[in-house]
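Next, two complexes with subunit A in common: one pairs it with subunit B, the other with subunit C.
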Partner chain A sequence: MPDNGRSPAGAATVTLTIDDREVTVPKGTSLLEAAALQGTALPHYCYHPGLSAPAQCRICLVEVEGAPKLQPSCVTMAQDGQVVKTDSPEALKMRKGVLEFYLVNHPLDCPICDMSGECKLQDYVFAEGREHGRGREPKRVFGRDDFGGDVLYYGDRCVMCTRCVRFMDEVARDSRLTVVERGSRAVIDTFFDEGLEGASFAGNVVDICPVGALVSKDFLHKARAWDLDSTPSVCPGCSQGCNIELHTRDNLVQRLKPRENAEVNGHWMCDFGRANYEGLNRGGRLEAPAAGRGAKRRPAGWDEALGQLFARLQAAAGADVKIVGSAEWSCEGLAALAAVGAETGEVSARVFRSRCAADEDRLPGFPALARRRDLAPNVDGARTLGFSRVGGEDAAGGLEEVAAHDGVLFVLGDDLADQEAAFGEAASLFVYMGAHGSEAAANADFVLPVTTFAEQEGTFVNVQQRVQRFWPGLRAPGEARPAWLVLGALLAALRGGEAAPASAAAAFSWLAGERAAFAGLSYEGLGAEGAPLAAPAGGNGAA
Partner chain B sequence: MAISVKVMKRPEAGRTSYMRATLKGMSLTFKHLVRPQAATLEYPEEQPDLHPRWRGTHRMEVHADGRPKCVACGLCPTVCPANCIRLVGGEDDQGVRYPIVYEIDEFRCIFCGMCQEVCPVEAIHVGHHFENAEYERDRFVYDLDRLMDQDHSTTLLWDPSDRRSE
Partner chain C sequence: MAYPYRHDREVRVMSEAFGDPAARTLEGWKARGGYQGIARALEIGRAATVDEVKASGLRGRGGAGFPTGVKWSFMPREQNPGRPHYLLCNADESEPGTFKDREIIRWTPHQLVEGCLIGAYAIGAAHCYIYLRGEFFEATGVLAQALEEAYAAGLAGPDVLGSGVQIDLTLHVGAGAYICGEETGLMNSLEGRRGEPRIKPPFPAAAGAFGMPTTINNVETLAAVPGILRHGGEWYRQWGTEKSPGTKLFCVSGHVSRPGNYELPLGFPMMDLIEDVCGGIPGGKALKAVIPGGSSVPIMSADECESCELCYEGVAAAGSMLGCASVIVMDETADIVKQVRRMADFYAHESCGQCTPCREGTAWASRILRRIEEGRGKPDDLDTLLQISDQMTGTTICVLSDSLAAPIVSAIEKFRDEFLALIRRGERVGAA
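And then the complex of A and B:
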């Protein structure tokens, strides 16, 4: 490639050779990142893309032609014409030696270590280390230290990469961790007894720890890394919509881990969101559709229930319609609900209720990320779709008018936990769609089980007006179906002749065609990282 | 491919004598009458001699203080090809990782011995035991206490005197 030092975009680039292959990277890229771009994964502990690199772990050493010694690739910047060898005998020998030193005091307690299976020390020693240890001396033993919060520290397993110390310094800007003592006696410790208690982003040190030194108390001994299935998703904790992975086993969410998205959450997520997964594992779900009010309620198949509901909606044409949505349901479901309401009659209320926190909790080193005030993932999506928030900060109250409504009443996803059994008594038609049953649903003419976001595909809109997709990580219980599938079929029948969406992609393209705010977006185009909404907010009503 | 049939040539009827073969057979019979070779085992009065590598009912080894040796690492349920081991790990009051639930379904088990082979702490073993008859099917799921109570000798997966066998 001719070396003109400039890429078409105008940014300076350099061209170098890594393992006999030429690669062109932006100026200021480290050798480690350049090698990754070229397809060579170099081992590293202290380097982390979200942190500074102190080049102290010495595990990323590579041979650079002309340099007298091996170079740490995480801090050596790529230069024009450089010839780098990542797997020369010299580099391999050095890395093997470094790994042997790491194992001098490592307890090799993989069978009882929570990190086993996703541990970088395990991986690197397996790939490049010695087959047998040569140490005969006894190993030093530290035991474990409770750092407070959700973090537990095993000093024996630590490789002293100081990622956790740098995270607390640089990103959380709350220097609560430090290295004490030196040499083989060095450990990570906290100041005084304060520990990490109350540090609201401290859970990230568990994620970035490359070995099993920092582990989560919540996840301790719960599951093995290789037993977990990982599904890309969006955190349901607040309207920030951090990109996460649902780690599931036995159809239960075992833990949440952040998924990288430079626009939303970087590599991080907050402890509030991390601990907020129990709701997804809640039992007592609605499993089969049922029709009939109070004592007359009978289980019905989907065909039967939707057929009856369709007839009732047609009969109720022109009625006054009130809709209670939920900021925990997908945009497709809420939009389809609003459209079904508009198709039935005059919609006089579109409301949702969600919990609110007193203030935001921002991550100083990554200001785009904060635990937002709205503690539901799709508050902005619901607002965009014309729903307005009612009730108190604890998601209670505010439904007096709806409860006494005498027209058609739709409830999607709101448990109505604070409502009386007389809720909707006067309604001419009351449709309750939710994941859990409710006492206030006693007067419902139809109770339809719908899936939570963790059991279906769909999209949320976060506080940055960014549409983000999520994927199903859990199996839906019984006959529960996604709300967009149920309501999409109903809407297609009401409109007569329109094709019902058979997939989440079809539901989203319907939404993009229906609502101006979503216009121009494609489901495939959203990808794993999402895309901003076309118009800022304040969507217009459907039809 | 065509099937080829080989036609055996047989002596014509009435042209052969079976006397020699009969005597040969009878001689074997009389030999057994004089010096019996016991192929039949009078089970259950007589017990079979189990081979050192016989892989039978599981057994959990215990420490001197009665705790199971298992550290709930999860390798045996991972390696088990019949998926017959259920394990839930936890921590006891000393901070030691141990199995809260450890169950082996002896019906599902195919007695391959891989659980013993993979165990890093030599806790779970297959053993020299095969008489597991029960009156109820549920009883074939052995829980941790029952596995620890087993007292039969355990299987040698290799010959300790022969290093090559390891």
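And then the complex of A and C:
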């Protein structure tokens, strides 16, 4: 095959030299992106991979051989044979100059700015800026402006990159922000009094603001960026499963931030999901296993509780089993629960309850992303594993038969808030596993504390049938254990000496061996971005 | 003749009718030879029209001096389906010191209308927009009247002069922003967006107004075209120099006895313009400096003016630019620091605010200059100003900040003592 500048895949490529190193990139790649691929991170404000590039911040200027002046690397496309210098004296001088301009009016109020520590102005000035400013002039003052919703605008800190304006125009397709005035008097403002109030994706403008001009009211003065730990996770708000980071401090989630995943959520997440983290910080947790019904309930160690439970399950062999799962618990936990049920006897019900919204809320500029109707992260996982949804759109009701069941009853992750104290009264064996206690668990023979998804490793399946991993961002309270660990041990014992999974990876590989939908997937292979389930053969078992 | 001032050495090709209200009407203009240019263009065809303008050597009068015929030839030869061509007439005259386009429109609106028709025909545009500066109230009325007459007489509209060629003319009045005179800023403004210059490429000939192939010409450029079509390109070359053919309106302001618009052949000696045509500096004062081409160009000292010829290459050789030939004359009493500060104020006010070096640099420079002017300067301020200017040059989307850098740098280079005197005086009186 003649060399026509095409890679084997058929996509055209170009080869250029950046800072004396050759790099081959797909045709249509900007110099900024090409430099990034080659390992050179060029500073930039107005450029954002999810938005158009207006080339106005002028800080990504590079020297291109043959061009009369420095070129903005964000809009200059890579060409064959191009020779680019990102660190030539001229380019460095201009970047230093542009950074000085940014500081002419910047208030330098880093000590009280929420962005401090993750601010691109701080980073770039520290890396390439002047040691001392030369400004003697008083700085202009704009003050701050409540943009509505969760967004607060500090005009003095603004670098006028207009990412926020373009996000609202191009991605949210809800033009609520604009630049008013011109020159150094220019500020970002809202068109109408309601501002961003009611715009359901507006929180993203805070994420994409490279400085502290747009900040979250919810997070305002709550924590310093360098005190936060960041853990990759999946948003529990709905079945979209946006990839997120849990930002935690003092074992509390402080905020959620979107994590890029081109297949699921791009760079974005919705405000509903973003605001929906307080549940993860809820106190009053179950901390130790307990055994015994009602007044006879006594704390028990895990060994004791599981030993007794194992004996009871063996004794109940062949019983009628009903299982209540939850769409907020991991696939591994739910699968192990289903398997324990099947190992015990005849499973006559495998159900879960979850809240539903009236409609979807789609992000027009990134239509793969929507706040889905199912307001729980693992609805599709639960369905794939054979659970069916019962009850109303408010996640209540639907458990009449279960409540009155006279066989073996398992509840995992549903705190039965709407159920009566008589729930499970007739059950021959009632096992309650959850993060929080419940009045309706009074009749439980065993109350086992399990961890939430934020405290353990595991996977969810999103609405696209994509399996996605999450990692523990919080320490589990007391003796709480992941459901897959508890149920995995029971299952191994019930199956007569099978090895119990000792890690989330082992639990997932057990799942992949047990369930056809997960066949061929490896925990390692899922990585941080997940992978689709195997194509279902004649339906995915959804109810 | 009465029009503010006239002089024998003028060559009044375009400006003969200035001051003559009778020339404003269609009838009056036709009596003076009007609309013969478009008739000839329609007769010889598109390509020949472009060639005629190329042969004349006419260069863009908006400031850049790009050859007009060459610019027209950048347009696609044939119109692609769904990709109409547009001609834009830049009548957003707002360069400080410039007042020629306003006079062309006020006195000879039909000259511009005819120029627009020829230009549109030459580039295959069925629609020409005239973007007129918002503050030109009188010109707006005059031009609107002329357009009405042109439509009524079948000179504009679906069938120009019975040729079957359609050329519509639309008058669009701006809201008064300097940056909307920048060609791509003008396009954004015309489309109803913020008047912010666009990144090039794409160039207007590929994707301009409404994303379509577009040519944009200055009023004076288009007003020169009817004569060229009527008399031929060679006729136009009888004036001016080899590289700068033809005549040009010079807007002279400042310290001269007879300021005003004078149409002169390009290459005219600058000192003759000041001393002879404009009657010299009043009160016998000495010349200090000249800004030869509108506020955006480097200031020239009196020495540099001595042998300077007013043509594109002549002023360039003297270290400045002809620009739009707006000659601002300053005598020995002029305060250079104040003049530069006023320019800086202007550019800071008019910066669109997109690009960081311009948004912050122009405002910062204006504040430093203000401080120096008020006697609170520091010795290192001049270095700071020069570095700011360097950082504002060639780093932005359009050339607005370059246009402030040029006067600042040239003023500091040529009149450093004036800056230093102010700084020292401030130090002496102990100003903080």
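Here, the second predicted complex is superposed on the first by the 531 of 543 C-alpha atoms of A that agree within 3 Å, B and C clash if a C-alpha of one lies under 4 Å from a C-alpha of the other, contacts with A are read in each partner's own complex, and residues count from 1 in each chain.
Keep in mind that, in the parts below, a residue touches a chain if its C-beta (ideal position, glycine included) is under 8 Å from a C-beta of that chain, and two chains touch if they have at least 3 such contacts.
Please read these numbers as outputs of a predicted model, since none were measured by experiment.
Colleague: Quick one: classify A:R144 as touching subunit B (first), subunit C (second), both or neither.
Modeller: first
Colleague: Tell me the contact category for A:R21 with respect to subunit B and subunit C: first, second, both or neither.
Modeller: Neither subunit B nor subunit C is touched by A:R21.
Colleague: Which touches a greater number of subunit A residues, subunit B or subunit C?
Modeller: The larger set of subunit A residues in touch belongs to C.
Colleague: Taking the superposition on A as described, I'd like to know which of subunit B and subunit C A:G183 touches: first, second, both or neither.
Modeller: Second partner only, subunit C.
Colleague: Using the superposition on A, tell me which residues of subunit A are in contact with subunit B and, in the other complex, with subunit C.
Modeller: none
Colleague: With touch defined as at the start, can you tell me which subunit A residues reach subunit C in the complex?
Modeller: It comes out as residues 54-59, 61, 68-70, 72, 75, 93-94, 97-98, 100-102, 104-105, 134-137, 140, 159-160, 179, 181-186.
Colleague: Can you list the residues on subunit C that touch subunit A in the complex?
Modeller: 177, 179, 194, 199, 348-357, 359-364, 367-368, 371, 378, 380, 384, 387-388, 390-391, 394-397
Colleague: Which subunit B residues qualify as touching subunit A in the complex?
Modeller: Subunit B residues touching subunit A: 71-75, 78, 89-91, 95, 97, 120-121.
Colleague: Subunit B touches which residues of subunit A in the complex?
Modeller: Listed in rising order, the residues of subunit A that touch subunit B are 110-112, 116, 144, 220-222, 224, 226-227.
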